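Two complexes follow with subunit A in common, the first pairing it with subunit B and the second with subunit C.
Take a look at the complex of A and B:
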């Protein structure tokens, strides 16, 4: 039986608590009275995944069963979420592989010849062949990749984009031509957090910059409260308008999956346990891991983390009409991640781990760490933010100004040129976004190499806009001071120092809340 | 750099030792207590600990290790052992419970032949929660697990009794938090009624003052402990466990009274129904603890003993 999430109040019996900080973690002693939000324990996985998939495809929500939608001579496109989901990457076989195999088996039985598979990576980097293979599995990869029928979406290939129309608010809806011109588009999603899925799948994953700019901007993001609650998120409202327009032109069969909280494999599974319940073995594992990480050279440490494959279990699979499916999906995500929290805090503490959606097998640079902390984690709420308006946020991460030149070339210039000038999302959007979005070199690297699009670092910064607008103070503990300065924040060497610095804003005895994730949680702040 | 790494390791070990209370029982933060998962019922067989080789090992451990150590830390005064002369066993010893010193005090006060045939009922959730604690207590104290909250055990108290072993049971179920006696539970009385065995009441004082809850070692200064064995109490024909349990508690109360005064005075008070309530006075908690934190006097009860032949008047 999985226990629900709960809010711990630190007392004299509470041991030091794990705080993630990049490629490492520390044991932090929090002040007495600190509230700590723990996610629910991992829910039991579906016992027979293949049977669950078959059931979902044959008994869809608001749609005919998938076999009835397939016919000889049709154009079938299967789009799927890219490597940014789930995090960490899932241990083989990936859930997308199992679903795509089931879909293709039905398509083969129905005599469908014209099938293409598109990774819905939007402006994310192109995945390598190995990464595609990990997601779709060897059989699918061998059957489609050599023929060029399994590929990454190219948001800059004008010849392969279709402008479907404008929403009632004048937003361009431009998506992958093959998808737009198919008789049936099957979308296979991994709904790791509440932000994913629904109409954020097709209208965003298969879109172009022209379409994405309508919701990926500072104004939308600062008004999305939060983007983990699609009913209150302006980002999602825009995506929903686009999705409803697409529905009029395109036959979409949405398949959404939800996962449990089995994030860390052994021997790191102690990170998913509540600290006071650590066995002697868990305590030994923590000591060994800390020592190994301190002794290991940076490259090995990076490998230790990035080679982790999560033993996620499937908690649900739903298929059919996008909106009806998404309702069930969100309910499943909430079952796994929602924690009731009463009242806001003066100070929110978060540990930023080694991984975010945009640095799989790559480096977590300061911009991505900011996006992860002030974007994803800060927005992990429903109702109202965990921290009050005008409060302070304390984050843990080394913030080393290291950039992966292959994956994040435009980030380097964004860090050196744009952030040096201003850190205000609205200002940099107005002044620099277009230059980066249209820069031919960045476009070239995005299309031919494995680089994120030139505009991507801007989006990461917008992701944090709501948090930056909401709080008065952002302090990083254990971070590179120059990098922190560049980002426009403040640096502290310890939690005590950070609280001392924040006392100007929140006083000497603030209420503190620590968000104890990963595993993923969503604070339902009442 | 190596030095830094070594130092970091030492710091980590220190942090963990302090935070996870190494060597002591782990604790759950108060706000997390509602979410503690019920432990799986432990089935820990202890039959092996009553086999001949283990009895020999226990004899060595108790006489060679436990007793010298115990006597080096506390002083004891034992009374009433003569009640055992007229009995053969098995019997159930029921005693008040205030400290981890209670078990060694009672066991080491018993005559050797009784001690060797006495097993101790120990809370399964406390003494049998880890294998090393279970093995240690079973070897040294001849413990077997009893479930305080109900459940299935590998060895039941009845089986141990039926094998001819005497039992030592603390009917309060846990150590007193203030040294005074809590209400007795029915388990010991039920066993006695069910198996028709006599119960020897045992009352002791001073263990709370010497080593209360939360303390891992007796206080310095060789504190005085007293232990007094009472006349066996037998369940009457058709007597319920509830009624018999009440009689047991009364017998322990009289013994405690007797231990502070004289046998005759305690008997008279008992006859008048004026035996002091072993649950203690209804006063502020600190006064209850304060009173119990006083060790019993070293001399015999009932004031100074008069010499039979006094040289001076």
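Take a look at the complex of A and C:
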């Protein structure tokens, strides 16, 4: 029986606690009285995954069973989440592989031979063949990739986009033409956190910039409280409107999966345990890991982390009508991640780990680290933010201004050119977004190389807009000072210094809350 | 009279070649082929010539290049040694000179064309393009492409020099000595801006924000219909001035190509070895430094069929881009007596009008002057002028402190 998440109050007996900081972690001693929010322990996985998938496909929510939707001569498209989910990447076989194999088996049985598989990468980078193979599995990859029937969505291929229409609020809905013109679009999702899935799958993952700009903008982002609660997120409201329009034009069969909290494989599994419960073996692993990380050159350290494959277990699979499916999915996510928290804090402390959705096999640059900390982690709440309005956020990450030129070419320019001028999301959106979105070089790299779209760093910055609007102070501990300055924040060498700096805003005896993740948690702040 | 004299010295020249590029400040300060001497005043032997007493004389990048051994040997046949450098000069007439009475405050167009040399005017001089004169090695004065490079005329780094009436431009009373001294470099910038033949809306890159780059930016903004003007600047003060003079965008050297690529939507190519370059880029690029890096930046950031203007005295550089992208490489030397792009007015006249513009007011405070005997300090200061926020370092031969 897994234990629920809970809130620890630091006292004399509390040992130093793990805080992630990029490709490493530290053991931090928190002031007495600090609240520490721990995620629930991992829920038990579904014992028979294939059976669960079959059950979901044959007994869907608000839809006919999948076999009844398939018929000879039809055009079937299977879209699936890209490598930004789950994090870290899942140990093979990926759950998407098992579902896609089941869908394709049913399609074959029904005599469907016009099938294409599309990675719903929106403006994310094109995945490599190896990355596609990891997601869909060897068998599917061999059957579809050489024929060109397994590919990445290209949001800049005008000839393969369809403008489906406008929502009642005038938002363009433009998605992948193949998907839009199929008799059935099956979408296979991994719902790692509450933000994912629902109408954020098809209308976002298969869309173009023309469509995405309606919800990926500073105004919408700053009013999404939070991204992890689709009922309160303006971003999701927009996606939902688009999804409802799409429902009128095409048949979508949504398959959503939820995972447990088995994020770290051995010997790093001590990172998922509560520190005072570490066994001798866990303590040995921790010491060995710290020693290895301190001795390893940067390249090896990078490899140690990025080679991790999470032993996630499936906690649920639901299929059918998008909205009905998503209700069940969200309930499953909440079972795994929700932690009840009473009241807001003056100071929120978060450790930003080595990985976010956009640096798989790549570098966590300062913009992505900001997005991870102030975007995803800050928004890991339901109800109200963990920190009060006007409070302070303290983050841990080295923030080295290192950029992967292959994956993040526009990030370099965004960092050097845009952030040097302003860090205000609304200002940079008005002045620079269009230029970056239409830059032919970025478009070329997005389409032919493995680069994130030119506009992507703007979106990363918008993710942090709500946090930047909500708190008065953002302080990074252990970070590159020049990078912090460029981002418009402040740098401290230790937690004590950071609290001293924050005292202007929150006083000398602030209430402090530390969000102890990963694994993923969602603070239900009452 | 007191003067700083540049002389032939093989060891110092070799030292300059070897070390000058790396530590030019050290070399010019302590091992330059320059000395302070007491010499006879230059003589006036021909009509049209007159003596002048120097008020201020600037230190130009070409002077520093010559002193630190970075100047090409190409020019060795165009100078006569020993010489008194200094071609950016504001001075008072010691003698009457044709229509100009003694005591008139003037600036000098340093080009020593056919009229000054007393020879039949060549085709260029007849056309007003005195800076292209074919006769600069002949006539009744020693070879020398300019005042300051000719052993007979003296130069501004001495108390007295000589000049021909054709070189003189009267300075209006409202113009200060510091402003007047800037007329010569500004005239060069005017010539450069006009040589660039910028069309309406053209994107222009100015590589370098020393006095040449800054004044070229000002001239481009004042005399052409350039669209975006991007200036590559190293130092904070240069960035401020570049913006004040009309730059749309100011970028650092290490981000120059990236900045141009962003502004123009060009494609970037990174060869296996060597610096990257753009396919696409600005319409016109101006190298206002003359270093290999600066010239290659200009070549690599210009679109196919575009124009690269050499304003600084150029160093050896990789010209592959000029060939492959069919670039028009245009030289810009000194200034002309008649500028076709400015209604056939002399560049000096255009510059004299510009120098009084309020936009140049911040430059007044960024001119540092030294007496002759502190020449080592002056040269060190000139080498570090950009970093120290100084636009121009000059000698004031009248001063003793």
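Definition applied: the second predicted complex is superposed on the first by the 526 of 526 C-alpha atoms of A that agree within 3 Å, B and C clash if a C-alpha of one lies under 4 Å from a C-alpha of the other, contacts with A are read in each partner's own complex, and residues count from 1 in each chain.
Following the convention adopted for this analysis, a contact is a pair of C-beta atoms (placed from the backbone, for glycine too) under 8 Å apart; a residue touches a chain by one contact, two chains touch by 3 or more.
Note that the structure is predicted; figures quoted are calculated from it, not measured.
In the superposition on chain A, contact of A:435 is made with subunit C only, not with subunit B.
A simple residue count on subunit A separates subunit B from subunit C, and the partner touching more is B. Using the contact criterion defined above for the overlaid structures, shared-chain residue A:276 touches subunit B, although it does not reach subunit C. Shared-chain residue A:286: touches subunit B; no touch with subunit C. By the touch criterion stated above, A:13 is placed in contact with subunit B alone, subunit C being left untouched.
Contact with subunit B, but none with subunit C, is seen for A:27 once the two complexes are overlaid on the shared chain. Looking at the shared chain after the overlay, A:416 reaches subunit C, while subunit B stays out of its contact range.
Shared-chain residue A:196: touches no atom of subunit B or subunit C.
If you check the complex, the residues on subunit B that touch subunit A are 5, 8-9, 12-13, 15-16, 19-20, 26-32, 34-35, 37. Within the complex formed with subunit C, the subunit A residues making contact are 412-413, 416-417, 435, 438-441, 444. The touching residues of subunit C, when paired with subunit A in their complex, are 255, 258-259, 261-262, 265-268.
Of all residues in subunit A, only 1, 3-4, 6-11, 13-16, 27, 29, 274-278, 283, 286-287, 290-291, 294-295 touch subunit B in the complex they form.
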